[in-house]
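What follows is a set of structures to go through.
Same chain, two partners: chain A is paired with chain B first, then with chain C.
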Partner chain A sequence: MAMATATGTPIWRITMGAAIILVILAILPQLVDAYQTVLLTYGLIMAIAALGFNLLLGYTGLLSFGHSAYFGTGAYTVAFITRDFGVHSMELCIVGGMLGTLIIAAIFGFVCVRHTRIFFGILTLALSQVLWSLAFKFFWVTGGTDGIRIPYANLSLVGGLVDFKGAGSFHRFIYAYYYYVLVVFAVSTIIMWVIAHSPFGKALQAIRDNETRARFVGISVRRYRWIAFMISGIFTGLSGILWVPLNGLTTPDILYWPFSGEIVFMTVLGGFRSFSGPIVGAIAFNYLKTYAIASTEYWQLLLGVVLVVLVMALPAGIVGTTARLAAKLGRWTK
Partner chain B sequence: MTIFVIQILNSFFYAAVLFLIAAGLSLIYGVMRIVNLAHGTLYALGAYVSAWIVGSAVGHAVERNLGLAGMLLLLPLGAIAVAAVGALIEPTLLRPLYRRSEEYHLLVTFGLLMILEDVIKLLFGRTPLSAGTIMDQMGSIPVGRLIYPAYNLFVIAVGVGAAIGLWAFIYRTKFGVILRATSQDRRMAAALGINVSRVYVQAFAIGCFMAGLGGAVVVPAQAAVLGLGVEVLILAFVVVVIGGLGSLQGALVGALIVSFVRTAGIQFFPEIELAVLYLIAAAVLLVRPTGLFGRA
Partner chain C sequence: MTLLETVHLKKYFGDTHAVDDVNLTIAEGEFISVVGPNGAGKTSLCNVISAHLIPDSGKIIFKGRDVTHSSVIERLKAGIARSFQLVNLFDDLTAFDNVALAIFSREGKIRNMAALAHRDREVAIEADTILDQFGLASKRNEPARSLAQGERKLLDVALAYALRPRLLFLDEPTSGVSTREKDKIMDIIASVVRGEGITAAIIEHDMDVVFKYSDRIVVMHQGAILAQGAPDAIRNNDDVAMVLLGSSGPDAFSRKE
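Entry: the complex of A and B
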């Protein structure tokens, strides 16, 4: 993961590294079974959410405890437009879902960026719970705790060229959808990389490191935070959009606040001080959670212990710790 | 009219429980600036421990009869157990983090929440626990043409007692002075010879005790179920946000506002009852981020 030290690494090495990883990800489904492919798809989808989340935490220095709102908005918008408007095209779902998330993120963000630190966290939490309670209570619209089913067979990819009717369709769906998600993931990552390394991204980091100085340089702090909030929300929304067809069902659980905590968890697991941290963290968290659930009834206990140990001993996360170990090793071998 | 009186009594019952939880949350934030996401789960732990103790004591008592007073005396044991857990948590998990930013406090307490949720499942299983015998034995009193459980009035009395007791404790005792001094300026307090680490352990344990007491008094009226704490935490947040993080009066007023709005909501606008509460919290945060009674 060359991106971890992006500031000092030449651009061609980052491109090379990313290309190699992408090729590996493209070959992987041919080597592993369908179940592993599904797991990896979930991991890539969550990676987009964590990437978006980290634009706020890692780059702007704002800890949101309400990102379930944008994930859920994306998911529910897709559910509504496929169920009520009979939309079949996944691309239309993505556009519609992102529009829906943008509206919510713009409103919530406008309110939330008036505060920082703990008040920002509580405000995002409170607003996300407004959406949760609505999804929970208006059961004749949202299905309540039953949620809304979104059968993959109703959807078609790439403007209707790929659909999933007839025999063996589930198997076809899994592999087609993996590559679909992989492409969206790659594009999202590139866009986020450009944003993070653009003058705008640098301005966000300036705000994170010293708000007063950033204001003196002429950065309009609140507006930059608001824009960062909306971008962050859209990425997390996109993740929710992609998640729905794979999961086949959307329930209020993805709007409930512990889900926001999971997004924070995966980002910290990977390391929020680096660009690639959230990606690694999301994929790792997905495996961790899946195998914890499969192996013990008390998987929450296991995950909780991992989180506490992480914060206590390895606050730099997987990527940060690996980078530090690699640097130490490099010095040692010289 | 009778319905109206009963709804007001319900609101006070609910406010008493919410106050116990929110006061602990607020106290912990006020003294050590930690937003404890596991606070709701500590409340649930109190409920489970109390229900389990009362249940097994009734099971082992002679002729399965413990007497009402005996059972009521057993209830606070849950709160004491939670306070002990708190006294263990603070030095091990929280103390290393005071120098680090708030993000880490939220993360560690979130991890703690996950751990405690499963510990409860591990210790008490998946079946809901209740201490309903207490409520049954207390009987009910007539209100107009209807009857009302006497136990609810007892809980209201406990809430009032806790409010007065906590106020007297913080504003009228030497320990209260030390607590307030530490909360205002930790380094100055340490320079004056106050053992800040010990004050922190005590403050955290008291906060946990309040949460546990909330769980203990609620469990005869409603059973302890899994996920109880996760649900109540956000309501406690709404309370302290409205009243002001770190303020005792705020927790009291906030608890009253939330419970009256909620009772009215369930009666008149059940669909958006919760949404209204969260929106009130968001509105208060916007207009007065320090809440109605908080200080900057």
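Entry: the complex of A and C
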């Protein structure tokens, strides 16, 4: 879609399409049960992480194997500020969590963007594992493998207007939180879409396509990579922030490298060369993983097979392949 | 008026003297060609002048200022832009986006992440004008990778031109295309460059092209300047004919044809 919009898919058509999808997402919880609503909430949350991740992979051409670091930083920052500072407002959690992620992403990014390709990937991986080992070993701060609980009942949404005390509060939380996440997701997607189609976004794509030439049209390659890295980290951090209250607990697992792998997986599944690919991939992956776990204890094996088949059969991902088929069909019917 | 001056410029790679004590002067508004056999140091000279390579010693003076140690971006701001021998484009971006990107960069708008690139009318008009000048208007929405070799060559030059440089260094703008296309490409380049009064230096192998379009020809051999002068003087220079053609005597260049 990055290319389709570049060649002039009119903006009103994109807006219409997005509005229709948003309306469907808004109606959906009325049609499905609470469990499905929770699953969809998780999917939307992960979609924000994948969108952030793909600013680096799809747009800047940098494969990070350490995005668990930013997801985890967001999650742990929320855990710390609710536990240690008694913060109840979700909005404060978001601001605090994003600040925390920005600091970590700025430091890690500064080191990582000095390199590209495999060296970049290994560095991101190594740095994320530093955070994992800290969360793992400093158990008096982080609770170690027990993690930190963040009861949803302690939180309030929209500046304290919506809280979850008393009978039936869990049910209320699930639906209220779904719409909360949906709004944050919609706003994040719009922001990322604008960034991707801005002059800055074009500069990132130029760097991806040809680093040398990008320098020779006057782009400071390293600085742009660094800024992209920070934006990417903040989006993934936001995802971690939103994930914590829903999960009710944060453990070092979300800082561990296989979690970074899942973010890579969902982005590739959806298709990293299109803007909407990571969104579709994240939601699809979330269902895939949930049902794989429910159906077999060898669920990792099942996911592994899916990934191998995917890379071999649909290298453009779900969205890329669908777009290609649609274009073929369009030519065929003409 | 002198635009660019190199003073005892040197760049060695081990025993290879890629640029060996080169004193080159380019005047404002000149169209010069740099010729020489393979390995003569033409591209190395271009690389050193455009800050792609750091010289071992010597100075580069541009518009009276010493730019020897300034970065690529500083030299672009001063007004030195270049194209590449092996086409260097943003392959997944459209021809329009390739040119627009250079304009955004030149205008300092490239940092903007809060506006849609396609909504900038000024940039769009200028990019379309440039594509038109280079005969690429019909390829506006094609990704750069799908263009033909000749069109890619032109787009590469258009990208450098869109930076509105004072000095445009073109590294073999016609290599790898058919003879007929060569003339077309050179006609376009010459008309744009002459029309806008840009100082241009092209590296070129084809002596027909060189004799036809240049004000002055600089012949390089083993990293050093062997001879320089107007096309007629170079055509009748025995040393040059010996180096470039392997034979000399009157009308060596015509006989070759």
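Criterion: the second predicted complex is superposed on the first by the 327 of 334 C-alpha atoms of A that agree within 3 Å, B and C clash if a C-alpha of one lies under 4 Å from a C-alpha of the other, contacts with A are read in each partner's own complex, and residues count from 1 in each chain.
Here is the rule we go by: a contact is a pair of C-beta atoms (placed from the backbone, for glycine too) under 8 Å apart; a residue touches a chain by one contact, two chains touch by 3 or more.
From a predicted model like this one, the values you see are computed outputs, not experimental measurements.
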Next item on the list: Would you mind checking whether chain B and chain C clash or fit side by side on chain A after the superposition?
Entry: fit
Next item on the list: Considering only touches as defined above, state whether A:324 meets chain B (first), chain C (second), both or neither.
Entry: neither
Next item on the list: For A:88, select first, second, both or neither according to whether it touches chain B, chain C, the two together, or no partner.
Entry: neither
Check: So, does A:311 touch the first partner chain B, the second partner chain C, both, or neither?
Finding: first
Item checked: First, second, both or neither for A:206, with chain B first and chain C second -> second
Next item on the list: In the overlay, answer first, second, both or neither for which of chain B and chain C A:195 touches.
Entry: second
Notebook entry, point to check: In the superposed arrangement, which partner chain does A:220 touch: chain B (first), chain C (second), both, or neither?
Noted result: second
Margin query: With the superposition applied, I'd like the minimum CA-CA separation between chain B and chain C in Å.
Written below: 16
Note to self: I'd like to check the shared interface: which positions of chain A are touched by both chain B and chain C across the two complexes?
What the structure shows: none
Check: Which chain A residues qualify as touching chain B in the complex?
Finding: 57, 63, 65, 111, 114-115, 117-119, 121-123, 125-127, 129-130, 133-134, 136-138, 256-258, 261, 264-265, 268, 297-301, 303-308, 310-312, 315
Item checked: Residue ranges of chain A touching chain C (in the complex, touch as defined) -> 3, 6-8, 11, 194-195, 197-203, 205-206, 208-210, 212-220
Checklist line | Touch list for chain C against partner chain A, complex | finding: 50, 52, 72-73, 76-77, 81-82, 84, 88-94, 97, 100-102, 104-106, 109-118, 120, 141, 143, 159-160, 163
Notebook entry, point to check: Tell me, which parts of chain B touch chain A in their complex?
Noted result: 35, 37, 93, 96-97, 100, 102-104, 106-108, 110-119, 121-122, 230, 234, 237-238, 241, 245, 270-275, 278-279, 281-282, 285-286, 289
